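The following blocks contain the structures, represented as structure tokens.
Both complexes shown next keep chain A, but they swap its partner, so chain B is in the first and chain C is in the second.
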Partner chain A sequence: MFSRHSTTILHSHNRLRDSTEAHRMADTTDVPSNTSDPLSQGSKPLGEEFIEIDDKVLDSLNISPRLLEEKEKRQAIWFRERLGLFQSAIEERVDFKKVKQLAFDGIPDHPGLRSVYWKILLGYLPTDKSAWSSFLVRNRKLYDDWVVELVVDPHEKQKKDDHPLNTSSDSSWNAFFKDNELLDEVDKDVKRTLPHLHFFNHDKNAGSTEHYEALKRILFIYAKLNPGIRYVQGMNEILGPIYYVYAMDATPMFQGHAEADAFFSFTSLMGEIRDNFCKSLDKSETGIAGNIMRLNNLLKDIDHELWEDFEEKKLNPQFYSFRWLTLLLSQEFDLPDVLRLWDSLFSDPRRFDFLLDVCSAMIVQVREQLLSGTFADNLKLLQNYHVADDNAGMQGILQRAKEIRDGLYVAPLPRPKADLRRFIGSPALSRPAERLYNSPTPSPYKDLLPPMALIKTPNVTRSVESSPVVTPHKEEERVNTITGGFLKPPRPFDASSSDEDEEPHSTISHPLAFR
Partner chain B sequence: MAGQMRKALTYKLVLLGDAGVGKTAIAVQFVKGQFNPFLESTIGASFMNQTVTLPDETLIKFQIWDTAGQERFHSLAPMYYRGAQAAIVVYDITNRNSFEKAKEWIKELQQQGDPNVVVAFVGNKVDMPEARKIQPSEGESYASENGLFFIETSAKTAENVSELFMKIAKQLPSIQRQKDITSGPSNPGVKPGVGAPSKGKGGCCG
Partner chain C sequence: MVLVLVIGDSHVPHRAASLPAKFTKLLVPGKIQHILCTGNLCSKDIQDYLKTLASDVHFVKGDFDENQSFPENKTVQIGQFKIGLSHGHQIVPWGDREARAILQRQLDVDILITGHTHQFEAYEYQKKFFINPGSATGAFSTLAEESTPTFVLMDVQGTHVITYVYLLRDSEVKVDKMEYIKPE
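Moving on to the complex of A and B:
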């Protein structure tokens, strides 16, 4: 019974590697898309037939202009220009800075583009493009060796004096049983990774497709190579989207190697976020509790009324944000939204600080409901977060998150307390904005702000220190930018005056760009 | 008294047990009347509520904390079971390890939980009799030794799921009345039991 386990996963690894079948499983049914929007987070996984004709499709848009709305034409042109920028940033040498700037605003849905960009952003592919093919060959070989080496099957490897009841530490049977415990643990979660996605769950024997087998091997090998952290529930939720994006990539350099490539990218990403998974760091600043505290402080700075309301309702931030932060929000949104969100998170120069901005944006987007809800209402709202259509969905959240990051979000003025209500309507309180927040110059972002919003003054602005350009793997360079807020100088209003690396933006203005 | 007023009494209930035993499935079956064989694993703890009506028309509103099963999340559990008036400790009848793990949870509750907490010891997945490893008698005798009530359920077929919660509900109000006498009225803005886990902690990072 035990042997079945490990031989199965070893077996199907070879099958998967040798076959491109996996990539023909392109699932186009479960993922909603909005093809008219080039910035679309719809991320429609494009099948192979599409790869052949991607330029033709665009050309065809020009051939029959009268069939198209003017807007769609502009979008098509914009899309092509934007695509050109993305491709030129990785043409010969990878312009890492450019890559991050571009990707932050969303990677266009073009075959293989997100896949290669993520490999770069996650620090897997080197910037020297000429080194890619040898680098990939080497790494994939390494991974294959690990599969053979670590997926121990004592039936094949058994030494003469070894036997299943041998408990000595060098017994391959002993290791085998321990491995099976680990494998069971991984298996329990893998088969419920993105369970609604046909791509993973197309088999009649739900929970056991070749893609799930690949996830299982990756997590198993990661756990074996990283005994200090091993396997922790939730890692599957981090790996799932990465593997999915890679497996949908049909470009010759990457097709058929999703498993090995996803393994290295996952390992690299875990290097940055593994503290969240580490129990012994729960009480440290870098662990999950530290991150929850930072989110809570951020909320306190940007929306004191709401924060106070949470305190009164005893809504401990851990109740809603533990999963958000641990899983990079992968369980909160549909996959296309997660992919779009991760474009930004992976290209965030302040490594995962933007995640805190996004989380607080999610909260303030529904602040009115939260303020009027009970403890139970609020918790249910936040634990089952629905992207509201009237807030432009994920795009609305990201826009709000950028405002928060840039110190431009201002919460509506607190609702008057009972004893102040009688003053409402009196001239003294009718225009609180001018009285309380006398801004010296009009903000260029005036139109971006929500109706109730006001220009922010320094003493209510969350400060964001200018942070160094942080490479993905230098943990010590991560700067805690959200300390105390109130005492630090504010960030300038004019985003263009700040460090470019902190303000990744596209150089092309797009009709649907963040409004 | 409460029954006559038709006002719901709110109780905090926590689900504990090893990963994959069906804690979330039980809660979802109870709250939504649905079963999905592949629910995403629970990270941290998720919150649900559901109201039941006792034969004497008392309304019992359960605030259910469904916790994560894996060892890594063990250290978070106290903030969910502290202040809980009811606990459901679940094991999978097809998995010996999960039974042992359930016993550990019982011990922990006995040592650290509220002394008046109503504890149900639950063997789940009775829809898989061919894979059964833990006989009902084994669960039953452990439960009676420890003063718990025992029930076997199937979140898949809904067998005994509402019975489980009804049984818990029937045991609750008398305990709560005792408490009201000793601790006086609770903060009107906060439902009983809800505020307890975060009390004096200033969030999670204290």
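Moving on to the complex of A and C:
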């Protein structure tokens, strides 16, 4: 793992050294996933593209501290070059195409970089960089005006005859109480947004949860400006990471205005996914039901066996994918993974089709567990999605999603349907099994059968053709452990020649023990 | 911005059947934070009704109250104001300003609320504020034969109190307001 890692870095590093190479890489229409992403499994095998002699030493397992520094230095140089690419894409003017391409593979964790990239990707900042400052000033003022106008304080705006219990529609007190109801609803959800982050809850005891207040204001103003959709639970989860990213930005141009910027970015993002939240559109094609249907069809296309399995188990896609799709997977992963994922989602030219690819990738990554589990297990796994580390977590999922998107994913061959476990202990299995185990061509059923040792005690000196002697004693033991004693042990073929005193040479492990 | 309802002297069921419908239409739960009741509700019905309007309800004992467990006087701190509550039949002469002022000094409060006279009053006297919410049902009293049903709503904001009085005159609800600022 370590050595492959270093090779990949060198491999990409070499490319980046050459500026023409860099340009070529950036101009390819296909996303250069293997070259620009340091963590993707290196496509080139070891030994290619070595330049310096140190690498061979590096690849060996005993690394001296000096060489470790070298590797880190190399990584740092590589990172800086990649960072340079990102920064050059928005240097004088915003190269939108390049921005999208670069962002698709993940935005580096340089302070402020992700914040400005998301603003561009979500359509907030214009492509003409010189217009940024005036644009920002104008929009922030707009937001502030809205805050003042829409957050009603009945004392200031009171008409002459107005009183707190007024229920008429033009009473500012009435409006105030109605807004309070909305605010309460928003507040309940906001308080539960990303509660584990210190960023949000650090002053909770002191009473000043200022970031939560900001979230509340944004959602409240959005609800008032969009009476068609108002506030739906879940919007807070989408706003949370966006606001977090913007608020952590310390560049002077954006610092302190995270709220206004987050509001506009959130609005434009909602403009694309609002159909998922609108209750009346639920059944329509663009609504959430339509999207779930599309996900299901995609799964059917890429992995028919798995899809069929779900159908048999009656695992309705709504059970697991509703939350995935409406909340853009923000609840399924930890925040760093969510941010990385959203880099790719926002830069997707076919807006949010990539989301379906990612969802199907998630399902496919755990297909073994899904195929072998029951309905309840599957549901539990999908609703609390957790992928084992050997599948490389989010990186693995994104890789898979890219494959799916490019049509390169091929599902593994379906397993045979016959469940031969019910034949354990029956005499029907012993001879045919032997033949199967010892056949020259590998049988597809080889893996399905229990190991030889569990059926009988093999004797290494015996030839292939002779009939096996079943040891009643040992057989009984083993059968009982498999079936829990429910099946009776089979009658031995030759009770007289029992092999109790014979040592079980290869009763353990491999099916080729008989040889 | 705290809303405090001041109400009392409804004398239900002895002298009046219930609170006026127009008042109950206005008094919806969720808007009012505190209720200060001057007493003489008489029955438990009004007590329960007031408890549904807000979570923080304070009662004092009037001369006709059925519930004997209410205290004679009560002091409540709401925002920056210390508010005293008493029925008023103990203050003799009934309705006298200076006698009320004695009680106010005794309780050491900024705002004193008393009832019993069934007449709405809200005045500032010796830099302190005195409120009489009148009778919520306009019940008979020995001081005046008929009276307008009234109650009072206080809007407490920092050192300001805006007092809204709701009167039922000619079957219409009329609102009036008055402001009191706490002296330094």
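Remarks
Throughout what follows, the second predicted complex is superposed on the first by the 342 of 515 C-alpha atoms of A that agree within 3 Å, B and C clash if a C-alpha of one lies under 4 Å from a C-alpha of the other, contacts with A are read in each partner's own complex, and residues count from 1 in each chain.
Methods note: a contact is a pair of C-beta atoms (placed from the backbone, for glycine too) under 8 Å apart; a residue touches a chain by one contact, two chains touch by 3 or more.
Fair warning: this is a prediction, and the values are worked out from it, not measured in the lab.
Taken together through their common chain A, the two structures put chain B and chain C side by side without a clash. Of the two partner chains, chain B is the only one touched by A:I292; chain C is not. Looking at the superposed arrangement, the partner reaching more residues of chain A, out of chain B and chain C, is B. Our summary of the superposed model lists a minimum C-alpha distance of 7 Å between chain B and chain C. Annotation: chain A has no residue touching chain B in one complex and chain C in the other. Taken in their complex, chain B has these residues touching chain A: 19-20, 36-49, 63, 68-76, 79, 189-191, 194-195, 197-199, 201, 203-205.
Residue ranges on chain C touching chain A, taken from their complex, read 1, 3, 25-28, 30-31, 153, 155, 157, 164, 166, 175, 177. Within the complex formed with chain C, the chain A residues making contact are 155, 161, 163-165, 167, 177.
Residues of chain A that touch chain B in their complex: 185, 188-189, 191-193, 195, 201, 206-207, 232-234, 236-237, 277, 279, 282-283, 289-290, 292-293, 296, 312-314, 316-319, 322-323, 326-327, 331, 374-376, 379-380, 383.
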